[in-house]
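A, B, C and D are the chain letters, set down in written order, and residue numbers restart from 1 in every chain.
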Amino acid sequence: MDNRGYYAGFGGAFLPEILVATFDELERTFREARNDPAFWREYEEVMSTYSCRPTPLTYAGNLTRHFGGARIYIKREDLNHTGAHKANNVMGQGLLVQRMGKKRVIAETGAGQHGVATATMAARFGFDCTIYMGEVDVERQRPNVFWMERLGAKVAPVKDGTRILKDAINEAFRDWVSNMDATHYVLGTACGPHPFPEMVTYFQSIIGLEAREQILKAEGKLPARVYACVGGGSNAMGLFTGFLKDPVELVGVEAGGRGLESKQHASRLCSSDAAIGVAQGYKTYFLQNGDGQMQETHSIAAGLDYVGVSPILSSLKEAGKARFEAATDDEVVEAMSLTIRKEGVIPALESAHAFVQAFKEAPELSKDASIIINQSGRGDKDIFTVADAFNDPRWQDFIIRKAKGYHA
Amino acid sequence: MLETYLRDRRKQKDILLMTHIVLGYPSFEDSLRMVTAMVEAGVDLMELQIPFSEPIADGPVILAANQKALENGATVADCMTLAKTVSERFDIPFLFMTYYNILYRYGVSRFAEDMARRGMQGAIVPDLPPEEAGDYLDAMNGQNLSPIFIYSPTTPPERMKYLAGFGKGFIYCVARKGVTGAETRFSSDLEDYLTRCREATTLPLAVGFGVKSKTDVDFLKGKADIAVVGSQTIRLMDEKGGEAVEGFIRGLR
Amino acid sequence: MDNRGYYAGFGGAFLPEILVATFDELERTFREARNDPAFWREYEEVMSTYSCRPTPLTYAGNLTRHFGGARIYIKREDLNHTGAHKANNVMGQGLLVQRMGKKRVIAETGAGQHGVATATMAARFGFDCTIYMGEVDVERQRPNVFWMERLGAKVAPVKDGTRILKDAINEAFRDWVSNMDATHYVLGTACGPHPFPEMVTYFQSIIGLEAREQILKAEGKLPARVYACVGGGSNAMGLFTGFLKDPVELVGVEAGGRGLESKQHASRLCSSDAAIGVAQGYKTYFLQNGDGQMQETHSIAAGLDYVGVSPILSSLKEAGKARFEAATDDEVVEAMSLTIRKEGVIPALESAHAFVQAFKEAPELSKDASIIINQSGRGDKDIFTVADAFNDPRWQDFIIRKAKGYHA
Amino acid sequence: MLETYLRDRRKQKDILLMTHIVLGYPSFEDSLRMVTAMVEAGVDLMELQIPFSEPIADGPVILAANQKALENGATVADCMTLAKTVSERFDIPFLFMTYYNILYRYGVSRFAEDMARRGMQGAIVPDLPPEEAGDYLDAMNGQNLSPIFIYSPTTPPERMKYLAGFGKGFIYCVARKGVTGAETRFSSDLEDYLTRCREATTLPLAVGFGVKSKTDVDFLKGKADIAVVGSQTIRLMDEKGGEAVEGFIRGLR
């Protein structure tokens, strides 16, 4: 591998020796695909006949009037097949797996969103599929586990470490180092060793490319700012890529959890609890202690609950090319609530982080300006979490009655 | 120098034994007891693993030991302290094994200095290929420490040569795909692989991953210089207590 | 109202006198909109910027190979905003409500799908919204109730009658006769008094128009057959309308429940338990006894669990222009399971009825032929029902644990 | 003929009273008892509702009575039998009130024949506007029965005239929007509405929906010919038993 995927010192490929050849093959395959003009067309064809790309850019007239500032647009990644932008990445990697002639895919998942997307892709492409998922998440996210199993995937609960997303990633790597010949690891976000950050960004860039074209058509000019939530960073990179060369402010919103002072958050780029480090194969900001041990993270949104962040975002931050903010759990529930009520769209808890920051800034922008918020996924998948966040007593009654029906 | 020590020692023995423990697992007192027992049992060198929260290349046994050690409060400073104790007390080489973030956060050159000052002889960092290892190599070489690199069955011959160019002391050959602690088949495939390793470097060869009996060690005689016993001793300690380990190791050769 | 919406004797407008003027206004507004070429364009604009029309037509290669007959295509109404074809109808009616200058909408819902769609439309258009839902369904479909409430709708549980869909329709009419001045009743399917069957069909015809164009593009010729499930009949009418003048066989699939002999089904068009009658304002086949009292119905799919059926479908049946079949609950679960596994798409339980029949017939068709199955909605909304249908013990454990967490 | 009867009777009274019961609620014996009590209390004519599973124009009280009657097994045949009993036994006109599907399934002309044979004088079918009522009108007229049509506050004057062209006996004016059984405001709006009704037809006018006290009935005097008491008697029967109904009705005029 010649290009080791460094972005102003972030990134790289910190690989166990046994995976070096596998990454060489992956990087070569990706490079060839990327240089083959037919490949992107094939990708677009898949995304438009199997998922529903281009996804719409919805003008949010009610929210715009409510805040009285910039015209608010919502990029509708929630309308993707399986309900989030994760589909873009998995279908793209699926095409690469076909090129490599591999027959099995593995993936990590936290919220379950990427697991469902990967299991879906595997069903469609006819691959065997194993999804690693922290035991804690398996318990929390049973609906997604249910669907992954229906899709024919094996869901392997990870009982080690903190038993959440980062541990699932470790476990997926452990599988991969044993089975790399026929197996591809479908990493779910723009993190991990090179070429994953670049590759995932490449597939997700379809978001930003579409959004740019759409906003120009709708507004006749570029937006002032674009907002995306930041877990690993794939939906943010996907949106930002469309505007990297434009005079458009890129705003990434991390999970502020119970507050940046509380230590219960997942803010790697706007909290002093994070420091540069190397783990899971790449160099970036991590939430870690002075010894370099990764810390527990917290977010109301399982998909943002991760210790690391895309090295490309770290580099954009350092270069001042993107701004990062944090939204707390409480702010997220409020913004979600308002969005549902005003526009009839249900952002995922993850996506709602982007809405929080956009809502803070929209009023201060001119009415001639426009902004785009990336609705990376739909929230109805999160009914258990959301109902708990809203503390809905009738939901609780329903569950209790349902449980009684199972002779609990 | 580590390599010279190993070559001298190999003149006296068919094969050398390297063992592995996770520092602070379950406590630093236990770690010291284990080192003592292993040295008494005649091991030729030891890997001391500084626990890390994301030990990506380790299998369930060592992984659990890492976690337990951290839960019990193990710090890098504690590991440095223990390193000093054992290298003063015992007459064999000790190496650190850990993941790169531990060094990175500590400061790579400070880490090398502190290692050297505490009498350590080298380090194995499984997630640090030479391409990423500029600072590390400078620091290790500056302190006359041995950076140990790894061969795997998937490593092509040219890359083996390339890695040999950076390694000091010996090359760690992982016996098979996968992580530590799983079953390895000591077969003609392994033999072929070790032949390829041998052709790629003049450094001594250590073979690890799945070595857990006298038969395994015997198999390696003549094909490698060092047999590495890792997960099996931890498994033994977990199941039968630290006392069982000494006997086990004596029985390996 | 001059045209009373008769289709070979089915249909009509059997209205309480108090609603006659309201229906006159509705029919006039609809007529004008329909004759205004800008209106359909406006409708398409809304559907492509707020939902993601055109929805894809997905080639199901794995299922095609599995059955070894006709090439199987799936029309992806599941990718609509809110997850089903119901969005087409509600957004269309929303535009009419705007034209009439009304400020409040009401709707019935069974499964909750149409209720969520209507509440969504109301949020988006800024209408007040009340959803009538049988008490039994409120209990069964709590997730949808939760979302309707988040969307700002009032969900009114109907405690009368059998406390399911038909009772919710009655109750919606009772609201309407009190509040017709400012209120529009957004009926959810191609049933009810004229102009609802025609109007709902008009909006849903977007499915068939798109599908026809898409299959011609993909296959270069018309499909041999098209399949849709039949509850009230709106998704079926939507698909069929695209092919009415073509030599294409139209196949509607009703809920066979526990079998046509069991009396526990909802087959109005292919069971001798049904007879022509007049109820809820229109004439069609109803499941009724000799006295004309409506009977209880059963289906694993709440959205098909209805006593009546579109009068237009009744007329197509009598004229031999469409064929109707029934699929049992068990067949539905099996077809759903196969579809998920083979193609990575999750049909709603309703939609899975269409898959059952298509799967029975695909092998007997030539490999040159193609068929289209309408995937009217996505099944992940039905997790509670589907998990029960699959009898998943780990789902039950999850619910029981969840309930314990609520101090049950 | 119904209309003649009503005109004659009106000569003797300021206003006539029509009451309403749901047949078979809670049982047919109770229905018979209620009819008896009402006739004794001096009502001038009665609506007998054949229960239907989907009584779309009825409010909660009558809706519940419909359901209960059906649960208790009420059939159309039972209703016909009771119709015969009461029209033989009592000297006032009885009308059926029901929804169109009951007639449709029975066979519209057979229904009219059977009604006539059992001495019924007309029918109110609230979900059957004249546009849909061809068969029904033929059958009713063929049997000299009165099809009662309905005016509502939303009915424009031309349509009132149109409806009057089909109605026989009287016109049923619903006092307000909504379903049976809710509160009605006996106001000048209602008066204006009734003036419009009066201008549209020469048929006697009955006013129903929400009539439940002497004050209400007094209000209607001079503005209408018949006051219709519906839900209120059922409510009374539910709450205080059938005995209370007779006194209530006597007190209305």
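Simple rule for what comes next: contacts are C-beta pairs under 8 Å (C-beta built on N, C-alpha and C of every residue); 3 or more make two chains touch, one makes a residue touch a chain.
Remember, predicted model here, so these are calculated numbers, not experimental data.
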Set of chains whose contacts include both chain D and chain B: none
Approximate Å spacing (C-alpha centroids) for the pair chain A, chain D: 65
Euclidean distance of C-alpha centroids - chain A vs chain B, Å: 37
Arrangement of touching chains [line / ring / star / complete / other]: line
Inter-chain touch pairs (all): A-B, A-C, C-D
Chain A partner contacts - residues on chain B that touch it in the complex: 52-57, 59-60, 63-64, 67, 70, 75-76, 99-102, 104-106, 126-129, 131-132, 149-156, 159, 163, 174, 177-179, 182
In the complex with chain A, residue positions of chain C that touch it: 48-52, 55-59, 62, 76, 79, 81, 83, 119-124, 126, 139, 142-143, 145-147, 150-152, 337, 340-346, 380-381, 383-384, 386-387, 390, 392, 394-396, 398-404, 406, 408
Contacting residues of chain C [partner chain D, same complex]: 1, 4, 12-22, 160-161, 166, 170, 173-174, 177-180, 275-281, 286, 288, 290-294
